[in-house]
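First the structure, then my questions, so here it is.
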Amino acid sequence: MEQKRLIYMDHAATTYTKPEVVETMMPFFTEQFGNASSVYTFGRKSKAAVETAREQVAKAIGAKSDEIYFVNGGSEADNWAIKGIAWAHRDKGNHIITTKIEHHAVLHVCEYLENNGFEVTYLSVDENGLIDLDELKRAITDKTILITIMFANNEIGTIQPIAEIGKIARERGIIFHTDAVQAVGNVAIDVEKMNIDLLSLAGHKFYGPKGIGALYIRKGIKIENLIHGGGQERRRRAGTENLPGIVGLGKAIEMATENLEEHNEKIRKMRDRLLNGIMEKIPYTKLNGHPEKRLPGNINVSFKFIEGESLLLMLDQLGICASTGSACSSGSLDPSHVLLAIGLPHEIAHGSLRLSLGDLTTEEDIDYVLEVLPKIVQRLREMSPLYEDFIKKGEN
Amino acid sequence: MYSDKVMDHFMNPRNVGEIVDANGVGEVGNAKCGDIMKIYLEVEDNIIKDVKFKTFGCGAAIASSSMATELIKGKTLEEAWNLTNKAVAEALDGLPPVKMHCSVLAEGAIHKAINDYRIRMGLEPWEDNITDLDDHHHHNNE
Amino acid sequence: MEQKRLIYMDHAATTYTKPEVVETMMPFFTEQFGNASSVYTFGRKSKAAVETAREQVAKAIGAKSDEIYFVNGGSEADNWAIKGIAWAHRDKGNHIITTKIEHHAVLHVCEYLENNGFEVTYLSVDENGLIDLDELKRAITDKTILITIMFANNEIGTIQPIAEIGKIARERGIIFHTDAVQAVGNVAIDVEKMNIDLLSLAGHKFYGPKGIGALYIRKGIKIENLIHGGGQERRRRAGTENLPGIVGLGKAIEMATENLEEHNEKIRKMRDRLLNGIMEKIPYTKLNGHPEKRLPGNINVSFKFIEGESLLLMLDQLGICASTGSACSSGSLDPSHVLLAIGLPHEIAHGSLRLSLGDLTTEEDIDYVLEVLPKIVQRLREMSPLYEDFIKKGEN
Amino acid sequence: MYSDKVMDHFMNPRNVGEIVDANGVGEVGNAKCGDIMKIYLEVEDNIIKDVKFKTFGCGAAIASSSMATELIKGKTLEEAWNLTNKAVAEALDGLPPVKMHCSVLAEGAIHKAINDYRIRMGLEPWEDNITDLDDHHHHNNE
């Protein structure tokens, strides 16, 4: 059951690390391995490499380099940002605003804080996955200390009006965190212009290494530490620096943001061809997420009458890697909270497919998926009692 | 995740389809939960002469349907009734723990189809101690 | 000011990643990069690699593989273990026992918990850095929920009687965590025999990659999560798996524990030659840490009348990488809490030098250090007013 | 961490040693804090004819001693008194923020040595507004 060819359409889950990035990392494993916090020259060279990477990350999001803190990944960044702000500002209030469609790294932290005396408002989204700015304004109370709203959604790709949210937060004097794990490398970001106070990012989403990420913390923002210990990261994040990871993150974010528009244009064109092909060839299909305000590589569609996991398995047999919002793929109970939040009925949510395109995607991949996907969907529908009922009703 | 047997029955499911003049039909599951299983029986002289299924669900659900129908084809109704979900799972070389409910669905669909046949025949339905098959998951957001 | 030759005697800070380990990691960057938590075959291969590594880690410490959780490093492991146990068991009590010589990743977590309603007993140590088991027993109260004592000390190398501590904890029904970040790869560890309930380790201390570590959690131990989010690591540690890191950690720990005794013997012999040479050639020198119960590669000595940072800088000029417990190297105020805890006066603690040997150490390195170190110490002493006073007093 | 100038003055310190018949000696710092600086002056006709130092301390402390002694050699006592720690640090192309106190020590040691000379000469010591030089750190564990 080995597939011969790999058609990787799960870039939103994780990407490969670009060879150029790996190359930059290599010397830091076996040669330039010195502890970046040590006194000797050998260690200070490591330190210099860390600081170069910090500047690369800062530049990519319009921050200053002393506002960048290296962490282990997107989840740690989200945990630190939200818990750190909550604990540091609990004297001012216990209210947090977020959305119903955040990643679990945000939602589960919010639930954790709810169990510890905080109150959380989960903003709803419209059928395209956008929040309502007026609802946000109305949700703000005297006790609101943090607004945490994701930049772009990992499932349906919808991009929120971050600058507008930042403006509202700034006007009301509330700290604004955004989970930009999906946005970095896909959307132009400027923390200054957008009034972002904290921003999470993860290397493995933009062709950097896994196991490294960063949290941007605007200068002057009070935050509690999440990982206590040694004095690394200006005493804010303990632990021996992940030198190759940090260097790789710096290189990757530089590459990802250098030709952002050009790169996006290429991905978007392929995405649109695939999406249009799917909508044309497969009836009873619904596009999820915003038609325009969406990540360039994201497709999320629901095929009525079938279930996502079986779809994934059949695609896998043909070497196509994709993902679904059906609960059956994860062993959990309900289908994706994001698909439910945009108003999909459970049975439609179960039949969803996310294809996320990226650097590995070729025009041949698009052709191939457009060739096999309609057949697979048809095959599963022919097995489905829901489709049978639907067709029979139609015949009547 | 899945055994080769599961993958085989998923990719090449046996007995898929509908029996238009079935004399026993059972459907269990719930679209909300992501799986519905429908079994069609053609019973003659207490023997399952033919059986077909339609399933909306994950790989394990489809493979369980395929395997379960294979296991009851040609059997007496008593034998078919006594097919347990464990036997289905074992015949598939096992199912992941979170997917065991798929084999339970298969057992339940067969029971329902047999009782549907018995009722059509004017017989007492057998007592089924598999309950709540249409809502075997517990939803948080209801 | 570039040194020509690198004499790396700071293995306790961090090590290089062995080429064999890097080689094992390589395919997981660019080829086998699939998300270990995904449905498709390509991702399941990643999953299999993660599980192999989990078994390698488990085997190295006598645990079962489903008791191993991958984290980002030693600091995260310590933070998770201590906070996670504290929060999960606070209904049973609020008392924690540790020592005065723990790493900051333990001490600062304890301080954090003290600020949050917990009480912490810091056991003292004798002049060799050993705790007193009777003092430990006496410190236990009805409210004690956790004993956290490091396996081996990072500065002075002293190895604690872990099995005895484990026995006491088990008898009293108290959870026992040990920070084994320095011990793994240097000391044989068996969590079963030693009654260890939680154990922290970090890859970069035993020739594995930086940015990866593990926490062993005995089956059945209740613990709160530190990083909330996705369902990775059996729902206990969120975040996309650091695939190359995990694979590298597995390989490294296997290599490090395979020929443990043989390897230690080699390091210990070189260490003893260096130590004996230093004690012979440099007067007014004190060995810190236990003479026998110490890590095979560890030397920690105090040279009277001089200060550690200037010593490090001079060594650095000759390409020797080492470390000191003097506060002046870190910009903090007091010298190392460990050296103070074993009873060194501040001025002696300031003159301390840690040389930690390891795989990169050669007999030539030992010769070289024995040649230059006495001269450097003498040179600094000749600059020192303390030495002047001492000599003058001697002359009277 | 350190500038080339600091490293030069650290590796090749100027004026290290003792002046046996010095007519002004000043010592500041505290072994507990990890730095002691001692300055020896040979003053003739209000001019610093020779100056030497001994320092127990970090690289910055040694470099500051070396640079400070260089800067006051051959100068009048008034000129030497007016040497600020900032001037020492600047002459070294800067010091890391956590090491600035080393330059303060140097200024203080010079002041002490000058006042020692003045007292020996039966003169009023000048008023020194650098205080607490022997315990410039704040210890937690006292």
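Per-chain numbering from 1; labels A, B, C and D assigned in written order.
Just so we're on the same page, contacts are C-beta pairs under 8 Å (C-beta built on N, C-alpha and C of every residue); 3 or more make two chains touch, one makes a residue touch a chain.
Only a predicted model underlies this, so the values are computations on that prediction, with no experimental measurement involved.
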- State which chains count as neighbours of subunit C and simultaneously of subunit D. none
- Task: Starting from the Cα centroid of subunit A, hunt down the chain whose centroid lies farthest away.
- Result: D
- What whole-number Å value describes the gap between the mean CA coordinates of subunit A and subunit B? 39
- Query: Where the centres are mean C-alpha positions, what is the separation of subunit A from subunit D, in Å?
  - Reply: 57
- Between subunit B and subunit D, what is the gap in Å from one C-alpha centre to the other? 91
- Item | Set of subunit D residues in contact with two or more other chains | none
- Item | Numbers and ranges of subunit A residues touching at least 2 other chains | 1, 39, 309, 313, 329
- Linking chains that touch, what shape results: line, ring, star, complete or other? line
- Query: For this entry, which pairs of chains touch?
  - Reply: A-B, A-C, C-D
- Of all residues in subunit A, which touch subunit C in the complex? 1-3, 6, 8, 10, 13-19, 22, 26, 29-31, 33-35, 38-43, 72-76, 78-79, 103-106, 108-109, 111-112, 202, 204, 209-212, 225-231, 238-245, 309, 312-313, 315-316, 320-324, 329-330, 332
- Considering the complex alone, what residue numbers of subunit B touch subunit A? 2, 4, 7, 10-11, 13, 16, 18, 27, 31-38, 54-59, 61-62, 96, 98-99, 137-141
- Task: Over in the complex, which subunit A residues touch subunit B? Could you list them?
- Result: 1, 305-307, 309-310, 313-314, 317, 326-329, 331, 333-335, 337, 340, 345-347, 350, 382-388
